[in-house]
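Order of writing sets the labels: A, B and C. Residues in every chain begin at 1.
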Amino acid sequence: MAGSCFKTRLLSLCDYKTEKYIVAKNKKVGVLYRLIQLTIVGYIIGWVFLSKKGYQETDESIQSSVITKLKGVSVTNTSDSGLLVWGPEDYVIPPQGEAVLFVVTNFLETPNQKLGYCAESSKVVDGHCQSDTDCREGHTIVAGNGQMTGRCLGGDANSTGTCEIYGWCPVEKKYKPQRALLANAENFTIYVKNFIQFPKFSFSKSNVLETSDESYLKTCRYDDEVHPYCPIFRLGDITRRAGYNFQDMAIYGGSVGVMIDWDCDLDKGYSQCHPQYHFTRLDTSVSNRSVAVGFNFRHTRYFKHHTGEIHRSLFKVYGVRFNIMVHGKAGKFSIVPTAINVGSGLALLGAGAFFCDMVLLYLMKQSTSYRERKYEETRQSKGASQDNSMEERRNSTDLTKLNE
Amino acid sequence: MAGSCFKTRLLSLCDYKTEKYIVAKNKKVGVLYRLIQLTIVGYIIGWVFLSKKGYQETDESIQSSVITKLKGVSVTNTSDSGLLVWGPEDYVIPPQGEAVLFVVTNFLETPNQKLGYCAESSKVVDGHCQSDTDCREGHTIVAGNGQMTGRCLGGDANSTGTCEIYGWCPVEKKYKPQRALLANAENFTIYVKNFIQFPKFSFSKSNVLETSDESYLKTCRYDDEVHPYCPIFRLGDITRRAGYNFQDMAIYGGSVGVMIDWDCDLDKGYSQCHPQYHFTRLDTSVSNRSVAVGFNFRHTRYFKHHTGEIHRSLFKVYGVRFNIMVHGKAGKFSIVPTAINVGSGLALLGAGAFFCDMVLLYLMKQSTSYRERKYEETRQSKGASQDNSMEERRNSTDLTKLNE
Amino acid sequence: MAGSCFKTRLLSLCDYKTEKYIVAKNKKVGVLYRLIQLTIVGYIIGWVFLSKKGYQETDESIQSSVITKLKGVSVTNTSDSGLLVWGPEDYVIPPQGEAVLFVVTNFLETPNQKLGYCAESSKVVDGHCQSDTDCREGHTIVAGNGQMTGRCLGGDANSTGTCEIYGWCPVEKKYKPQRALLANAENFTIYVKNFIQFPKFSFSKSNVLETSDESYLKTCRYDDEVHPYCPIFRLGDITRRAGYNFQDMAIYGGSVGVMIDWDCDLDKGYSQCHPQYHFTRLDTSVSNRSVAVGFNFRHTRYFKHHTGEIHRSLFKVYGVRFNIMVHGKAGKFSIVPTAINVGSGLALLGAGAFFCDMVLLYLMKQSTSYRERKYEETRQSKGASQDNSMEERRNSTDLTKLNE
């Protein structure tokens, strides 16, 4: 008996059970439901799958390596430095071709600085003095050039002088750049080699066009229409595409972002994954006037006299800082996001049905009738306390008979 | 006939079909189901939408550009180097204002090194010797200072000497730093300019406060309570906030991470997106004693005698390495994640109903009755082998009649 | 009366409503449905939860700080530079231990360059000339070494000369590297300290093995089998693991990526989160022949004669550029992704049921019978225009009677 019961149970597992539906011949709600269905299906297919590629697993953790190489020569002639020739080994800082690199376009050399005593620069406001008491001995000013000796040079009751300091003398003079000294830096070229990898998909590629024409990479220049995949950029073109004039920017320097954007649909294959270049100026913004425009820093070259005394040349260099940033996203078909998106869409269909039910059961004229048809009350409503399952079974058998 | 049939079909598409429910007047399961419903709805609204902002599409692939500028002067006086003045051009390495920068706080200069023959440093354990046979001619030790000549200097059966090497002589002496030479580096300031971009939302912003008060950015110092958006930091404050004393750290050097955290809710607008700063020490950990504390490296300055001979100054510099790391997340309302989250929540409601069904149909006293009411058997239970669809149709017509 | 009605409503909220199912004793569809159910449940458990860890919230925005330190000495002997000793302060560029570092393996020194007039290098094709008219005075060639003076040196109708330039003279000679000068760079070691952080989970760790054995970190060398967590790498081992011979690569230089991969299951605890190292060559690819193999750049050392004249040494250095890239992902149990995945899976079950319904209702022999049983028509089919809700109620009461 138990075996037969078990067998019945097992067999009943193979019965297919399907929800019983009530057909409400209500055109309004019917059409409303069809509209909701269409909207949701349209959203799933159109937006999720076609526009957002919801069937793809995405990898945004791009691994990137950038190498840069500049070419170009410039000659400058200043009273302090004389006739100078600048090659990439001088104007690119650091010279080893990093993703963040600085190109000198303007400079101020303070040659032959020696450690000693001299007047603080008049640029340093805290170094102004009228008498020795204004200069605290042994004190250093945060924005100053050395340590105060306690003496005030050239200051008296009527005129403002500057404190004497111990430091690298003479101090850098005041300088208001008027024009870019390395004016032809505009024509320098930068070769950007970018190697990327999407670890999740074991996909790697380089931005250098795969071409059998060897001379192409020697002569091409990037142009978003004619040569969109040429990795060699003219500096003047970069700033122009960022919306600024190179010569204006070269005077005080600036910071330019070169974004390399990899948006790869790996379902389409290796050759369809191309970089796109975007250029932005980073050190200025229309809305934010408080950011000082320009970019400069100081570096030094140390020399030794034959007497053993150290002296140095201080260079204040202005220039354009290029920041090559790589951003990327790869998508590839995957069952998990597809299932999540389809599943969620279907669940939304259920929500649509629930909404239509509410309309049908509570807002329509014949609501009560629909409600009573939809919710079939069990006999427990009357005989709940009896718990007579034998009778239940008989009743339901009766029902089955009736239904035949 | 076919046309009429097609028309009927088409019309029936506009009928609304709704699941038929059985009302089980079982308070226990009813309350259980309501509780499950409330829990899930609460979870969706409270956790997913309010706490985790599940209605937003997020972009974590922040693009960031960091420029730093240090200010401050320090004077050191040592027997090897004499009285030296250190400006940012000397103590910041590299000087061009990168996101990873090193500030010298302590140093050991080995001046006037020349290529020649001298004894290996006694720090190099593999360079110890007792006789010439311990020194392999032409051999270089990985941690050594030059190439062995094969002679042992000062070593005999009783005492340990060191091998003679060809290298930059004299070799660097043993040095155990006692105090930081650039003690006032604590008061140096660092100006951090951070420009960020969320490519997905075309949103960009800078950490420099947008203020019309020009002097603010000259005088303010970061303070998480008073000036949380001032981008100028005192070095001593940074280490203090990371939990360490600057003077202690300055002796052997160290590594400090400055995290700039952008957590932007773009639904709230541009002005509500602010950076937050966090500071951590990176080169030490409570749990990991095997990481050597401190940070130092060596760099050189090359000079040429008037005789043409090259000599150099070797600097072993200890200092604090600042690593400015930018992390960010932007969220903006989007229909896809909203639909996914609502959809999944609704599907969970279905899971709740399924669970309650199980309780009702298998755990309640009147289970059998419920089961028979819920699962309406088709006539196939008796006439499955007949497959007489004509009879089926008649039967169902009977049913329809009965239902009237 | 209204109160009683409200009470009834309230009580009815506690009734449990469950869908009414029709049992279709159709084994084919039944088995099909069970198979679909099993597939979906298997997919959810096996793929989503076990393989993809769908119950975890993941953080891919790893914060990482990398410090490197090299050890090793090399001696070179060339006619231009004489006997030179190279320590890390010379061959590592930049010397401060960044994540991107360059190790010199080969070099060409052009000593004693002075500003003056000389012939352009014959390497510069645009500098070739046959008469003075080929050399535009004041013009600079992008890939050249200086500014043309307008004179053609050594060129006439029969032979090709080169234009005279003003620049750093003598210009660098032609050089075709034959062998790596710093041959034993293969044995140099690099100590990589990597500190990572997953901001979302406030989890941080270092790649340096936590060991109480202090000598371990002094003697160990990375080996993926014996010492997988030793952070000290032999340069030759790195290139070998990337699939290249160090000596071949050292001649013209190259670029090697060291990927540190953190795949952390934070549910398993702190100690189970280990880095994995992968090595790839970045400057060459089988598919892309257009990327020039090799890596070199130029840097300079400036000297001053006792006469005040500046001269310099130009170094063209070839070498291996190591790019340490950190990639990581951390996962931790979270209720949101679990709910999303479970929910979507359940919704897919609904899709399975819908599919089986379609099969049952339109493809089976007894489709019509099933259809009529499933879709119970409301009386509106006949009396829709009457809108007599009183009659409706009576009808449904009749039905309830019939059902008893």
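One rule holds in what follows: a contact is a pair of C-beta atoms (placed from the backbone, for glycine too) under 8 Å apart; a residue touches a chain by one contact, two chains touch by 3 or more.
Model, not experiment: these values are computed from the prediction.
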(message) Suppose a student superposes the Cα atoms of chain A on chain C; what rotation angle should they report, nearest 5 degrees?
(response) 120
(message) Given that chain B and chain C are copies of one sequence and touch, is their interface built from the same residue numbers on both sides (over half shared) or different ones?
(response) different
(message) Using Cα averages as centroids, what's the distance between chain B and chain C in whole Å?
(response) 15
(message) I need the residues of chain A touching at least two other chains; which ones are they?
(response) 17, 19-26, 60, 94, 303, 306, 340-341, 343-347, 350, 370, 373, 375-377, 379, 402
(request) Enumerate the contact residues on chain B facing chain C in the complex. (result) 17, 19-27, 29-34, 43, 47-48, 52, 54, 60, 93-94, 100, 102, 115, 140-147, 166-168, 255, 257, 259, 261, 280, 282-283, 285, 287-291, 295, 297-300, 302-304, 306, 314, 321, 323, 325, 327, 329, 340-341, 343-348, 350-351, 353, 356-357, 360, 370, 373-381, 384, 387, 389, 392-393, 395-396, 399-400, 402-404
(request) Would you mind writing out the residues of chain A in touch with chain C in their complex? (result) 12-26, 60-61, 63-65, 67, 69, 71-75, 83-85, 87-90, 94-98, 184, 187-189, 193, 195, 197, 199, 204, 206, 208-212, 214, 216-217, 301, 303, 305-306, 335-336, 339-347, 350, 365-366, 368-370, 372-373, 375-377, 379, 395, 398-399, 402
